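Alright, structures below, take your time with them.
Below are two complexes that have subunit A in common, paired first with subunit B and then with subunit C.
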Partner chain A sequence: MRFRAKIVDLACLNHFSRIINTIAKLAKTCILRLTVCKLYFILSDKVANGGASMWCELSQGNFFDEFQMEGVAAEHNEIYLELVPENLSRALKTSQSAKAVKMKLTNKHSPCLRVAVELPSLSSSSRIVTHDIPVGVIPRRMWNDFREPSVPDFDVSIYLPVLKTMKSVVERMKNLSNFIVIEANLSGEMNLKIETDLVSVTTHFKDLGNPPWASEDGCQSSAQGRDLESMTEACIDIKKLQQLLAGQQVNPTKALCNIVHKRIVHFILLHEEVSLQYFIPAIS
Partner chain B sequence: ILQCFLSLAVFGRAIHAIARISDEFWFDPVEKGLALRSVNSSRSAYACVFFSSMFFQHYCWTAASQPCQQEQQLPLPCKLIIKSVLPVFRCANVLERNVEKCSISTNPSDHHVTFQLLCRHGVVKTYNLTFQECDPLQAVFAKHMCPNILRVHSRLLADVMIHFPTSQEEITLSVTPMKVCFKSYTEEDTDFSRTMLTEIQLSPEEFDYFQVGVDSEVTFCLKELRGLLAFSEATSVPVSIHFDRCGKPIAFSIEDLLLEASFILATLCEAEKEAFHSLFFGAVSHKEKEAIGDTFQSLVTASDTEEEFGALQSSPVL
Partner chain C sequence: MPLSAQPPASGERYALSASLDNARHLSSLLRAVHFQDHATCLATASGLRVTVEDAKCIQANAFIQAEIFQEFSVQEESVMFRISLSVLLDCLTIFGTSSLPGTSTALRMCYRGYGYPLMLFLEEGGVVTVCKINTQEPDELLDFDFCSTKVVNKIILQSEGLREAFAELDMTSEVLQITMSPDKPYFRLSTFGNAGSAHLDYPRDSDLMEAFHCSQTQTNRYKISLLKPSTKALALSCKVSIRTDAQGFLSLQYMIRNEDGQICFVEYYCCPDENITEAEL
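Up next, the complex of A and B:
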């Protein structure tokens, strides 16, 4: 099992750092899956995470100048590592002026992802900062736990409002309540609601638009027979929603959510080179 | 009795730096200037900032009032609680803009040190702080006998330390004549599967002065040093690092015409595992000094300010 990669382009490095920062806000520990073409950051829906799960996918070619990977075996040419994304975020934090960043899987005292940042210095030789990030190697028999989640059979799919606005609304609501209700309909309307003994607050968004989903078996088209005005709702942990919104450092190209009535909210945030899916289960 | 006027930003930063070591500090005005000293509870870190009288716009120090037969003649330094002083110098940047003058005066008869800030628009803020009389504090450290001396601009040290998390307690400095390396401290029972380790390698060329007489690896407490780093960035005076093999103290100091600051930290010695060597200071009463005598000598070769040491030696013993 081998992994070596290098980023030389500063813009790619900064973009990669931002993605890691977003992941770090969503998960304390997550799985990094490496394949020949892609990197995946995966959080599976264990009870420890409050049932939330995450799937983030990026093409290595868009970020790395060099990327060499040899999986556990020829027919299973992949590597699954468990790590703390905050560590990776910290390692990359001070690399804004780096000449190059190299990553390597090593096993000195225990398996580690070694991140070596080459920084400019006053002398002829560069300054090298090395961070050894401990990782856990996930054995192949457990890989099935980390498969890509399927898009749920949703009742409503709707584009999100401008994330910055949504974030400031949710942050204020977080001070008042631990839970938030997201409801939306097929007419592009979304409401964010909180209710406590003392106060209830609702923020209304209109004209958001509903993304068209191509359906092979026509099951989604049954929505056309439904009342476009009727609201589908789910009550979720407000902190999870706030973390998702707070972690977005750049505006996504597309941001939408799929709601299964009283079951789950599935967020999809698409950027040019990376896609992020985040599932927050409803509180019963 | 002391009366002086001064520029705030640097003085305030010195107080903040000392605050990293301990909650209280020694306020020790002498004829040549004002010394602030502090030691932490485990006696493994000592800080001394000495402002020469030239640092102040006006500095006037007079010996204590007429001694009568029963009283000691020594102008004993006094101890102040840092928490009561910090608010005076809280936001150094804001202070610079709003405060026109700051004066410090002492009146030993009523056990007060008075800080008075003359601010804009005629506002005058007066802080009267009680002090405790106490025994003198002084660490002795033979800087000139250290085989390893590095001097570097504080900016470089700050750039190095930024790679370590703020929670990082201990750091190991490893030097050979060919390279310098700062790394997270690890010991035999460090859990490598859980700990993220950071290491920064620098070439000797990056230092203004580089002398390595003996290859060494010294581990010291980073938290206590951060105070000095912040202070030296404010003064933009280069930082000198004097050290020896592990177990012996390491000194970080800055020095220019107006002030001298030294932070002396104990270093970890592998043979003794957990405990930092406690630096042995001259912080004893005169009676005890008589009894201990020789133990001091093992650490004594020179002090950070020659005159003061001289004064200490020549003080009468009761």
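Up next, the complex of A and C:
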């Protein structure tokens, strides 16, 4: 099992740090899955913690100048590591002006992900800051726990409004209530609602557009023949939604959400070759 | 848009209905009196008064004159209700508190009458928010009976002069002592804290002093914890009028200019802490 990678380009490095920061805001610990082409950050939260899950996928070629990895076995050429993303985020904090960042899987006393940040130096000798981040190697028999969640057979799929507006609305609503109802229809309308003994607040967004999903995945079929105006709704933990909106630094070019009536809300944030999916189960 | 999201037609009977192009004009003033969760609102033809009290010793009033609103109509002589100020502020600032140039939150506010909720319709960039805030039985408000004819001493200061003083107040002191006098030291703020006493004097001919009308020497103490919340209003204001009456009641009147140059007032009344005898001076 071997892993060694290097980022040289500053723009790639900053983009990579932003993604790690986002993940650190969403998950205390997560799984880093490495394959030949891709990196995955995976969170599958226990039901007791609210059961939110995350799936973040990036192509290594868009970030890394060197990327070598050898999995546990030739036929299973992958590595699954458990780590605290906050540690990685902190290690990358010094990298804002770095010349290069090297990452390497080491096993001196215990398995570690070594992050070596090479900083610019005025003299001929280089300055290198090294962080050893403890990781847990996930044995193969447990890999099945971290499979990609299937896109749920949603009732409505809708583009999200400007995230800054949505963040501000959700933040105020969080002061007022612990739960939020998200509802949307197939005419590009979405409402955010809270209701307590003191106050009820509804924010109406319109003209958002509904993404065209290919009919081959069968999702569209369930939507066909349905009333375009009727609302599909799910009530979720407002803190989870607020975390996603406040923590995301992905600056997505596309953001959308899929709602399974009273079951789950599935958020997808896309930025070039990065995709972040976040699942928040509904509270009945 | 669902029916519920449509602002009611102006023809409908509302005890109070008002609209405002920029909800920040209201929210920033309300924030200046937000030191307790609940506020009592009184709407009359002249405008809206929002009152917050604490410990039966301090009262803060924010006045938003009818002219500030684009539309302001009250069907009865006066309309009064109590409301959670924190909730009202969260609703008014639902689209954020930052003032990006060119964007403002438009507000329409309706209240059908006793027992009904206060309805807010807010709109920014095509996004509409509807809020229904439950109202409560209004409180009996304190009557400080502070009228201008009973004022003994009055000073008008530019707020920057008081801002610095309030920012540096020794919070270990239980009281703030205010001396106003036709003779030296004219206007003195004193604190008596763990590290010793501090006195701050403003000369009568200071540039900060806009007006000085003191007819007799008065020294009164006020609980610093009660006065501290008024710093929120002080921060927004351009001028402050400091007045005391014969019993030592204090009135702090803050003149606040909003982004559009309109002028509003926030007033704080505070009871004196105790009567100090001549011997203590």
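Throughout what follows, the second predicted complex is superposed on the first by the 275 of 284 C-alpha atoms of A that agree within 3 Å, B and C clash if a C-alpha of one lies under 4 Å from a C-alpha of the other, contacts with A are read in each partner's own complex, and residues count from 1 in each chain.
Please note the rule applied: a residue touches a chain if its C-beta (ideal position, glycine included) is under 8 Å from a C-beta of that chain, and two chains touch if they have at least 3 such contacts.
Note that the structure is a prediction, hence the values are computed from the model and not measured.
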Touched partner set for A:Glu75, first subunit B, second subunit C, both or neither: neither
Partner chain in contact with A:Thr203 - subunit B first, subunit C second, else both or neither: second
Touching partner for A:Thr165 - first (subunit B), second (subunit C), both, neither: second
Partner subunit B, residues of subunit A touching it in the complex: 84, 87, 90-91, 94, 108-112, 121-125, 127-134, 136
Touching residues on subunit C, where the partner in the complex is subunit A: 1-2, 4-5, 84, 86-87, 90-91, 93-96, 124-134
Of all residues in subunit B, those that touch subunit A in their complex: 156, 162-163, 165, 192-203, 205-206
Residues on subunit A engaged by subunit C in the complex (per definition of touch): 161-162, 164-165, 168-169, 172-173, 175-176, 189, 197-207
